[in-house]
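Both of the next two complexes hold subunit A, though its partner changes from subunit B to subunit C.
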Partner chain A sequence: MKRYIDIYLSMMKLSILEQWQYPLANYFYMIGMIAEPVIYMVVWSTVAMQQGGMVGGYTPGEFAAYYIVWTLVRSMNVVFTPYGWEWRIREGQLSMSLMRPIHPLHGDVAFFAGWKVVVIVLWLPLAFALTLIFKPELNPTLLEGIVFFFAIWFAYLIRTMTLTLIGLVTFWTTRVSALFELYFAAELILSGRLVPLSLMPEWIQSFAWFFPFRWAFGFPIESLVGNMPVNELLIGLGMQIAWIIVGIIFVNIIWKIAIRKFSAVGG
Partner chain B sequence: MTSAISLQKLAKHYQVPEREAGLKAAAKGLFKRQYKNVKAVDEISFDIQSGEVVGFLGPNGAGKTTTLKMLSGLLHPTSGTASVLDFEPARRSHDFLRQITLVMGNRNQLSWDLPALDSFDLQRAIYSIPTDEFKKTRDEFIEILELKDLVQKPIRNLSLGERMKMEIVGALLHKPKILFLDEPTLGLDVTMQKRIRTFVAEYNKRYGATVLLTSHYMADVEALCKRIIVIHHGKLLFDGNLSQLAEKFSAFKTIGFTLENPATDLSQFGEVVSTDGSRIVMRVPKEKTSAVTSRLLNDLAVDDLTVEAAPIEDVIESVFAVKKEAVE
Partner chain C sequence: MKGIKLAYNYLRIGILNEFQYRANLYIQILQTFIALATGLIGLNLVFSQTTALGGWSKPELLAVMGVFTLIGGIIRAAIQPNMERLMEEIREGTLDYALTKPADAQLLISVREFRLWQIVDIITGFVVLAVALSQLNWLIDLWSVLGFLSALVMGSMMIYSFWLIITSTAFWFIRVQEIANLFEGLYAAGRWPIDIYPNWLRYGLTFLVPVAFAISVPSQALTGRLTLETWFGALAFTVFLFLFARGILKLGLKSYSGASA
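Presenting the complex of A and B:
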C-alpha cells in the first residue's frame, strides 16, 4: 500500500509539474470547454423566462448553478481517451509502460488525478466570472458539499474505467474511434450533460439509472444543486462505488485477454 | 555459470491481412479477407549465461526486436518456451519486471517537458528503490555519463545523444540484472556511441549484468560482445564468437601491401579493393591466401605486407545476403 501511495504521489507530482509547463494552453482549453455549458445555460434560461420563470422545476438561477457546476464535473471527467490508447499502441508508448512493474492503469489514474489539481486551480477564477455574469442560485448544505467532493472523484474513476474498456478494444482493432463516438452519443443523452436528466422523459430517466453515464456526470452535479434527500445522496454514492467495482472487474478480465493479443505494432 | 536467458524453439507467428491494390480488391476484402502467416521468429533456441554480453544481429525484419519483446514479456510466443532469470516472461510478474530493462533507441519513457531528475524520481517510486540507494546510483550514473549539467534541463531541450544517455540512466536506476538493448546508439554520433558503449561495458563489469544487444553499428558489437547470435528470416543462422563468424561466412581475406610500381597489373593475383598511392589492398579467396601471398612476395617488389580477415561489416553483409531458402 505504501508503495502505491508513493507511486501515486510521484506520478501526480510529475503531472502537475508537466501541466504547469503550459498554463496558457490549459487555460485556453478550459475557456474553450465552457463554451458548451454557456450555450446550454443561455438557451435554458431564455426558455425558462419565456415560460414564466421556470422549466421542469428549474429557475434561470438554478440552471446557472447546474451548468457552472457542470464545468467542474466536466473537467473532472477528462480521462485518458480511447484515442489515447490508439496513439499509445501506434507509437509504441504502451510497450514502455508495460515494462514497468505496475499496471498502466495506475499510471493513467494518478497522472490525470494530478492534472485535476491544476484544473481545479484554473477553474476557480472562471467559476467566479461565470457566477458574476449568470448569478446562480446555489445553497448547498455541508453534507451536500461532502457528498459532492467524493462524487466528483468517483465520477472520474467511473469514466476512467469505461473509457479504458473502450480503449482496450484497440488491442483487437487498433482503431476504436467509431465505438467511442457511439459511447459519446449515449453519454450526451443519458448523463445529464446535454440537459438535466429531470427534464428528460420519464422513461429515459429510468433507463439512465442502469447505465454508468448518469453516475459519472449528472449525479455529482445534482448532489450539489439538486436538493436531494439524504437517502438519494447515499444511494448515488453507492451506485458510483458499484460502477467503479464493476469497471475494475471488467478492465481486469478484458486486460488479461487483451494483453495476449498485444502485437506491439508500434514498437 | 547459470543460464540467465534460455530459449527453446521459441516462435512468434503473425497473421497479417493482405490484398491487392485498388478499389476492387478493397471491396472484395470486405467480404473475404486474406491473411498471410508471417513467421517473425521461427523456433530459435539458445542459452545466455549470467554476465554475458551477447550481440544479437540480423537485417531489418529478421526477428530481433520480436525476440527481445518476447524475452521482456511484451509479446506472448506462438510456441516454444523462454526463461529469463527462471521466470516465464509472458507472465509479466512484477518480480521479473523489477530485474530487467528494455532500452529501445527510438522510444522514450522520460517526461518530454520536464528535467530528467523529475522522471528519475518516478522510477524510484515505481521500482521501490530506497532513497539513499537511489540517490547514490543516480549520481554515479550521472557522473559516468557526464550528465551533471543536463539533468536540470527539460528533456525536449536536449540533443538526441543526451536524451539517449538520460533514457539509459532512467532505465538502469533499479539496477536490472538483464539488459535488453535494442539499437541503443541509433542515430548517435561516433563520440556519443562510444560513451554509451563504455557505460554499458562498465555496468556489465560492475554489476555482473547479462546484456543482449542489437545494433546495426558493428563498432558496438566489436567493442562489447565476445559472442554473437545471428538471426535471419526468423531463423537462427549463427551462434558463436566473432572470429568464428568470419571463418564461417567470409569467403575472402584482404591482403594489404606497398608496391614500388603501383601501375603493375595485379588482376592475376586477385581483386584490387583500393589503391592509395603505392598502398594497395586486395581481396582474395580465403583458400588461396597463402598461395597468392607467396606469389606476391616472389614475383613483385612488395613491402609491408599484411593479411587480415575481412572487415566485420563485410562478413555481416555476406551473412545477411544468405537467401531465405538457405535458412529454411
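Presenting the complex of A and C:
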C-alpha cells in the first residue's frame, strides 16, 4: 500500500510540475471549453425569463450557478482519450509501460490527477470572472461543499474507468471512431452536460439513473447547486463508488483478455 | 483564369484522394447523424418549455440549424483543412515549397485541401433547411433566394478570412492550435439566434468571429428579416475582412524565413 501511495505522490508531483510550465496553453484550452456552457446558460436563462422566471425548477441565477460549476466538473472529466490508445499501440508506447512492474493504468490515473490540481488552481480566476458576469445564485452548505469535493474526484475516477474501457476496444479493431462518437453522444444527453437532467423528459431521467454518465457529471454539479436532501447526497456518493468498483472490475477483466491480443508495433 | 484552373485541378486531386478512403464516408454519415440528432434533441428540449426563443419560432430555429450545419460543412470541407495545413507548414518550415511555386501565395494555400465526405453535412444542412421552410409554408420568392445565396457566399468568405487571420498569426506565435479550438467553441454559438446573447458577447461574436453574420444573415434572408442595410453592411464587412486577412498574410510572409527546411 505504502509503495502505491509513494508512486502516486511522485507521479502527481511530476505532472503538476510539467503542466505548470504551460499555463497559457492550459488557459486557452479552458477558455475554449467555456464557450459551450455559456451558450447553454444564455439559451436556458432566456427560456426561464420568458416563462416567468423559472423553468424545470431553475431560475436564471441557478442556471448560471449550474453552468459555472459545470466548467469545473467538465475539467475534472478530462481523462486520457480513448483515441489515444491507438496511438499508444502504434507508437510502441504501450510496450514500454508494460515493462514496468506496475499496471499501466496507475500511471494514467496519477498523471491526470496531478494535472487536475493545476487545472483547479487555474479555474479559480475563471470562475470568479464568470461569477461577476452572470451573477449565479449559489448558497451551498458545508455538507454540500464536502460532498462536492469528493464527488468531483469520484467523477474523475468513474470517467477514467469508462473511457479506459472503451479505449481498450482498440486492441481488437482500429476502426473505433464510430463507437466513440456514439458513446460521447449518449454521454452528452444522459449526463446533464447538455441540460440539467430535471429538464429532460421523465423517462430519460429514470433511464439515466442506470448509466455511469450522470454520476460522473450531473450529480457532482447538483450536489453543490441543487439543494439535495442529505439522503440523496449519500445515495449519489454511493452510486459513484459503486460505479468506480464496477469500472475497476471490468477494466481488469477486459485488460487481461486484451493484453493477450496485444502485439507490439514500432517501439 | 489561371487561378480558377489551378483551384479546379487541386479540387480534382483532393476528390481523387478522398476516394481512396471510402469507409470514411460511412463514418461521416454517422457523425453527421449524431450531430443532427443531438441538435434536434436540444431544440426540442427548449421548445418543450417555450413557444418562442428571443422572438424566433421552432421552424425558424430549425432553419438556423440547417444553415449552421451547411456552413459547418463548408468550413470543414474547404476552409479548415487548408488552414490547418498552413499552420503545420509554417511550423515545420515546409511552406517554402508552396511559396516557390509560380502562383499567388494566398490562392495556392487556400485551395490545396478538400474533404469530399464533408459534403454529407452540406447536403444534410440543405435537407434540414427544406424541412424547416416547408413547416414555415415558405413560398419561393426570387429576392429571398438571391439574398440567401449571396449571404451564404459572404458568410463563407468572412469565415475564411477570419481563419486566415488566425492562421497567419502562426508566423509570429507558433502555437495557435488552441485558438482554433476556441473558434470551434464560438462557432457552436451560431446554432441559436444572435439576439439572445448579452451585448458584449453579441459584438464579440459578430466582429471577432463573424459567426453571427455567417449564420444569422442567411437565416434572416430566408425568414424575411433581412433588411437592405444589413445586406450592405455584411457586404462591406466581407470586403474589409478579406482585404485585412490578405494584408496580414502578406505581412506574415514577409517575416517568414523558413524554419528548418
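Here, the second predicted complex is superposed on the first by the 265 of 267 C-alpha atoms of A that agree within 3 Å, B and C clash if a C-alpha of one lies under 4 Å from a C-alpha of the other, contacts with A are read in each partner's own complex, and residues count from 1 in each chain.
One rule holds in what follows: a contact is a pair of C-beta atoms (placed from the backbone, for glycine too) under 8 Å apart; a residue touches a chain by one contact, two chains touch by 3 or more.
The shown structure was predicted, so the numbers you read here are calculated from the model rather than taken from an experiment.
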Which of subunit B and subunit C A:92 touches, first, second, both or neither: first
Touching partner for A:128 - first (subunit B), second (subunit C), both, neither: neither
Which of subunit B and subunit C A:3 touches, first, second, both or neither: first
First (subunit B), second (subunit C), both or neither touched by A:181: second
Partner chain in contact with A:51 - subunit B first, subunit C second, else both or neither: second
Subunit B and subunit C contact sites that coincide on subunit A, given as residue numbers: none
Complex interface listing, subunit A residues touching subunit B: 3, 6-7, 9-11, 13-14, 17-18, 21-22, 92-93, 95-102, 259-260, 262-264, 267
Complex contact set, residues of subunit A against subunit C: 25, 28-29, 31-36, 38-39, 42-44, 46-47, 50-51, 55-56, 133, 175, 177-178, 181-182, 185, 188-189, 194-195, 199-201
Subunit C residues touching subunit A - in the complex, by the definition given at the top: 23, 26-27, 30-31, 34, 37-38, 41-42, 45-46, 48-50, 52-54, 175, 178-179, 181-182, 184-186, 188-189, 191-192, 196-198, 201
Touching residues (chain side subunit B, partner subunit A) in the complex: 14, 65, 69, 72-76, 92, 94-95, 97-98, 100-102, 104, 106-109, 111, 113-114, 118-119, 121-122, 124-128, 154
